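Letters are used for the chains, namely A, B, C and D, taken in the order the chains are written, and counting of residues starts over at 1 for each.
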Amino acid sequence: MKKIKMGMIGGGIGSFIGDVHRKAASIDGMIELVCGAFSSNPKTSIESGKKLGISENRCYANYTEMIQKEKELPTEERMDFVAIVTPNHMHFPPAKLALQSGFHVVCDKPVTLTLEEAIELEQVITESGKLFALTHNYTGHPMVKQAKAMIENGDLGNIRKIQVQYLQGWLATSVEKTGQKQAAWRIDPKKSGIGGALGDIGTHAENLTEYITGLKIKEIAADLGRFGEGRTLDDDGNMLIRMENGAKGTISISQIALGEENNLAIKVYGEKGAIEWHQEQPNELITRWLNEPKKIYTPNGNGLYPQALEISRIPAGHPEGYLEAFATIYKNFTKHLTAVNNHQSLEKIDYPTIQDGIRGMKFIYAAVNSDQNNASWVQI
Amino acid sequence: MKKIKMGMIGGGIGSFIGDVHRKAASIDGMIELVCGAFSSNPKTSIESGKKLGISENRCYANYTEMIQKEKELPTEERMDFVAIVTPNHMHFPPAKLALQSGFHVVCDKPVTLTLEEAIELEQVITESGKLFALTHNYTGHPMVKQAKAMIENGDLGNIRKIQVQYLQGWLATSVEKTGQKQAAWRIDPKKSGIGGALGDIGTHAENLTEYITGLKIKEIAADLGRFGEGRTLDDDGNMLIRMENGAKGTISISQIALGEENNLAIKVYGEKGAIEWHQEQPNELITRWLNEPKKIYTPNGNGLYPQALEISRIPAGHPEGYLEAFATIYKNFTKHLTAVNNHQSLEKIDYPTIQDGIRGMKFIYAAVNSDQNNASWVQI
Amino acid sequence: MKKIKMGMIGGGIGSFIGDVHRKAASIDGMIELVCGAFSSNPKTSIESGKKLGISENRCYANYTEMIQKEKELPTEERMDFVAIVTPNHMHFPPAKLALQSGFHVVCDKPVTLTLEEAIELEQVITESGKLFALTHNYTGHPMVKQAKAMIENGDLGNIRKIQVQYLQGWLATSVEKTGQKQAAWRIDPKKSGIGGALGDIGTHAENLTEYITGLKIKEIAADLGRFGEGRTLDDDGNMLIRMENGAKGTISISQIALGEENNLAIKVYGEKGAIEWHQEQPNELITRWLNEPKKIYTPNGNGLYPQALEISRIPAGHPEGYLEAFATIYKNFTKHLTAVNNHQSLEKIDYPTIQDGIRGMKFIYAAVNSDQNNASWVQI
Amino acid sequence: MKKIKMGMIGGGIGSFIGDVHRKAASIDGMIELVCGAFSSNPKTSIESGKKLGISENRCYANYTEMIQKEKELPTEERMDFVAIVTPNHMHFPPAKLALQSGFHVVCDKPVTLTLEEAIELEQVITESGKLFALTHNYTGHPMVKQAKAMIENGDLGNIRKIQVQYLQGWLATSVEKTGQKQAAWRIDPKKSGIGGALGDIGTHAENLTEYITGLKIKEIAADLGRFGEGRTLDDDGNMLIRMENGAKGTISISQIALGEENNLAIKVYGEKGAIEWHQEQPNELITRWLNEPKKIYTPNGNGLYPQALEISRIPAGHPEGYLEAFATIYKNFTKHLTAVNNHQSLEKIDYPTIQDGIRGMKFIYAAVNSDQNNASWVQI
């Protein structure tokens, strides 16, 4: 099997998420990083590329050059897709250009800086006929797939209550004033958009909720916090949600929840069963039932649906983690892309798309809108 | 030390909470059950009393008779206090009569059927000069005391975020239609008051929040659920809260969270530290810190404040549970009562009082009011 | 129902286990403490009794006096049974005297100072026709009963592997040199017998193993540690075991496992299923199965056997702890005693007896013997 | 940075451990798989190679051919090292040939079929001057590094007690009779050696013990089980250990512990502190202390030693798993190899070597020897 060729935009030396994308892309041995515009600083871009073992002539000064030059290469040689791992404000421009230049795209979330961009991007994708994946990586965990499959199959019955949290503590102090690069752009509306924690982690919480339950959030009432001194964007959020089917729930997000590392968790209660999943212990799915004891499912363990089984890489009890879930997005995207390259048709492959991106942007907008109106209900 | 003499109102054969009160009162060997009006049915009352080893002449047909007759006994013989363990609508009348007849009172929560009653009861207590304890039993856990002491001592710094849940699943199906006695009165507004789950478990969540943080909930936005067929009272609640100091948070309660047993939990995040406590694992207090690893405190373990140490009964690692925490309310109340009986003055002893009861009623009223206004903010 | 009357030997002010016995005996409201010889020091005995609210004339100077005097009281008034809560060397003499004087006995473990005493005691019990209970309290947990019932019912199939640990850390430093009373007698062979940790906690581990599996330990190879400076008795033990049915396993005990509180745990693996139980989280029974996910049972939760259901006092999710399990020994003993008092026959009631005591002593002897022979195998 | 070139022996389609090695080698983007002899069946070897995207001319029919042909390639092109992922009996021959042909080697464990081979291999390595890494992958977890560093730094004081377990259940039934390939060779002494579970998982337990504590196991008493019908090799083991410093402990291993997945865990108790680590929850290190509460360390969390920090790939709370730990062996080996290629000197880099391999073989031999002598002590 020939490897799929990836170009990267962003993710230079010192980047967190760029490195994650590279590792995730390489785990399954299906993807090869062939070129990149790793930084807005041409020198850094080239240095980064060299460190990564990329031939110097394919370390580009900027993404425009990269897309241009790659397009001119022979089909066999040029990159198949672009991975965009820049801050939010730099998602849309390269995504649009890449798609219009005939390249498939994998993009980090939130999909764009504004809702308008997201909607425009959807059109660009449609017109280009190219593939687009959004890295809502948490959907790539076997136990998340199992939870989704259980609900899809009606095991839980009608859903009534949902409880979601995404708690981090790394912005509990004013780290943005200490030169912390990750913090600096995230609290800057020009780079982050109108949502702070909302965009960074809230969209994950929203996406996971809709992905697992198969239900849309209908409306939201959001009370946002801006606890860090001088911050204009939210670093905390407390939300009520109502789902399209009448289920109710809460979403609690924070980046000032001191001491929390990456505590994303979801509980869903139906009329016949319930599921509970914690990102920090991703290899357990806790389930509850009307007349049976609590059951704990594990990747490659007993009693799983095919959707969960097919994405586990190693035997039960050998923990997979954050990178492996992330890699599942890349794997499924790559399978799709390979099929497209080979002119094969393919059943729908499960990875997040522009639709997820648009939902995420609508979620941010609705939450901000609600917060500005003292947490009154706003439709998503 | 002479034992304190307890009379009981309610709690006949088959009662859940009456039995809990009796066990809690007897663990520490300071209290003796001497009489009771255990049921509104005189025959059941007497039968229950006999089963409990109470002499027949002190098994009364109703609480009026009991209070009347006990009052006529010699001081040395008559009951010292009354424990009221009836459904909510039967808290106020016997409490008022007992206090006005010169008896101290321990009462289950929520304190009364209506807010008006609670306010009137406060006056009755004041005028009577008698003691009144409300059994918010979860405040009796050593690790809850430790959490409170840590916050009181400033270990967590200013509080910013609070997350509370109290999840049960026993009303997930229509058990009230199967003759389940506990369910039947709880879903009946005439016996429960205007709150369903709100009164039964919501008040515990509210009380624990204010007890641990030392902060009042300023306002609340509540979206209540009534999922059980034909129920008029809430069996589920999703709430935003704002504390008097600017902290924000969520309270999620439910009695239709299928499979949950008694999942009360609280997380409090400050500027310097954070605490997390789960009622189902009550012998752990999880704490998080700015520059130190997570620390887990245990009853009678290392590093505790005196408030936590003094109420642990057995060495570290020997789990205390629900009954022991409940017993702590009785123990502290009894210590107070003994001091009063002996005309000793006493520093404030820590047990819930009528003020906690009034806060609870205000919480119920505010939540119902908010819910009726589409979850708009209501001051407590 | 008339309360059963208990006299206590040992357990004066400052005693740990005496207080535990009293609390355990009183939780269920079936037992009344009427007299005691709480200390070998008559003055302390009387003071302790007064503190406990016992009338002065029944606070005895020593156990001989107590047994003598109580015997002379009218049947209706005198104690029904004696609870012996002294150090090991003071179990046998009062137990023998009490039984021969017509009193039933509850005794702490290990049952006696020597194996010979235990065997003699068995005969005394038989001849007296009186009841004798040994407080192997951990058998009183609902989840331990469930585990036993599952194995009894063949749910696990033939047992193959067993792993038991009982780890404490309170003797990690030389606390016996600091005047710690609990430590002082436990490291003294004259008061403890030939086993240190072996007698104090090893017998619990052994008893729990045989109780849950229904299998006898056939032989043992023990490598004991004496880590505390100057200690002649074991404070640590590492053992291989072979069961009568061919199952194999390990028992690891320690009182120098620094930081461990009371970490008793057992895992049993059969051909069809497996169970795992931890004393510090006593309200969970973890079970594993050939083709099903892990299932977690809880007291009063779904799917339990009657043996587990009948001893749970409160609804699922309301944790019971150490004292409640201890109380279950007293409750079952009291039920038995009540039946005997009422000349009723009764199906076998489940509480530990002299046979458990003898097994415990044999276990201590075999382990010490094995250790003296460089951990060679010794039959129990 | 140029990628290091890897050739693979074994690990064809359907292999578990070959796939693990490939994923582990590729995560960090430092290694490129350039050739392989993936199967003893030439056709399978080539097919496997093609699936992996390897050019056909470098998919070899067998390892002899591969080593021969690669040697003839220009330095710039040929593989740098060989990864050997075959069953145990096929470790030594290709390792020896590769080393003698000038290639570095990474080899799966146990290092060889016999102790004699292991000792010979050590000499071959020395003579060749080439690098040799053994994939004791569990030493690659950040929390294992932290545990080791804590003990090295004296934080725990003198070590007294050790408890290790490695429990699996996948051989609880006779899967080897159902054509399960993994099981088939593992129960065959010709392919596995004299140890069954001992070699497969026991060596991991032994290696982890010596790695974390920095102490050698001095002697061992082993009682092995052969529970699966017809098995001649051990599928279960219960062992006492004595360490060179006087510490004592137990090792319990099993592949018939029904329902267990990959439950490797270690507890080490010193005079001042204690550590506990579980492979299935690898991102937590539980620590206990004399006068402080239990502390939980996490990768990239607070309070870590550099040894733990430097191998964490992603921020705290983003779980790394089995593959990442495995990858750490490859990463450190590759760093060493790169330095050697560049004629740079390098401080000792931490990865398991032939010395670990020899210890593992001695452990197997001592355990089997002890078992044959009724679990008497045997020096390692």
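Simple rule for what comes next: contacts are C-beta pairs under 8 Å (C-beta built on N, C-alpha and C of every residue); 3 or more make two chains touch, one makes a residue touch a chain.
It should be emphasised that the depicted structure is a prediction, and the values quoted were computed from it without experimental measurement.
For the pairs B-D and A-D, the count of C-beta pairs in contact is higher at A-D.
Each chain gets a centre from the mean of its Cα atoms; for chain A and chain D, those two points are 34 Å apart. Averaged C-alpha coordinates give centres for chain C and chain D that are 43 Å from one another. Inter-chain centre distance (chain B to chain D, centres taken as mean C-alpha positions): 55 Å. Residue positions of chain A touching 2 or more other chains, listed in rising order: 260, 287, 289-290, 294, 298, 301.
A complete topology is adopted by the chain contact network, contact being made between every pair of chains.
On the chain D side of its complex with chain B, the touching residues are 287, 289-298, 301-303.
Residues 160-161, 163, 165, 167, 169, 172-173, 221, 223, 225, 227, 236, 238-242, 248-250, 252, 254, 256-260, 267, 269-274, 287-290, 294, 374-377 of chain A are the ones that touch chain B when the two sit in their complex.
Remark: chain B residues 1-3, 16, 19-20, 22-23, 26-30, 33, 50-53, 168, 170, 260-263, 279-283, 298, 301, 313-324 touch chain C in the complex.
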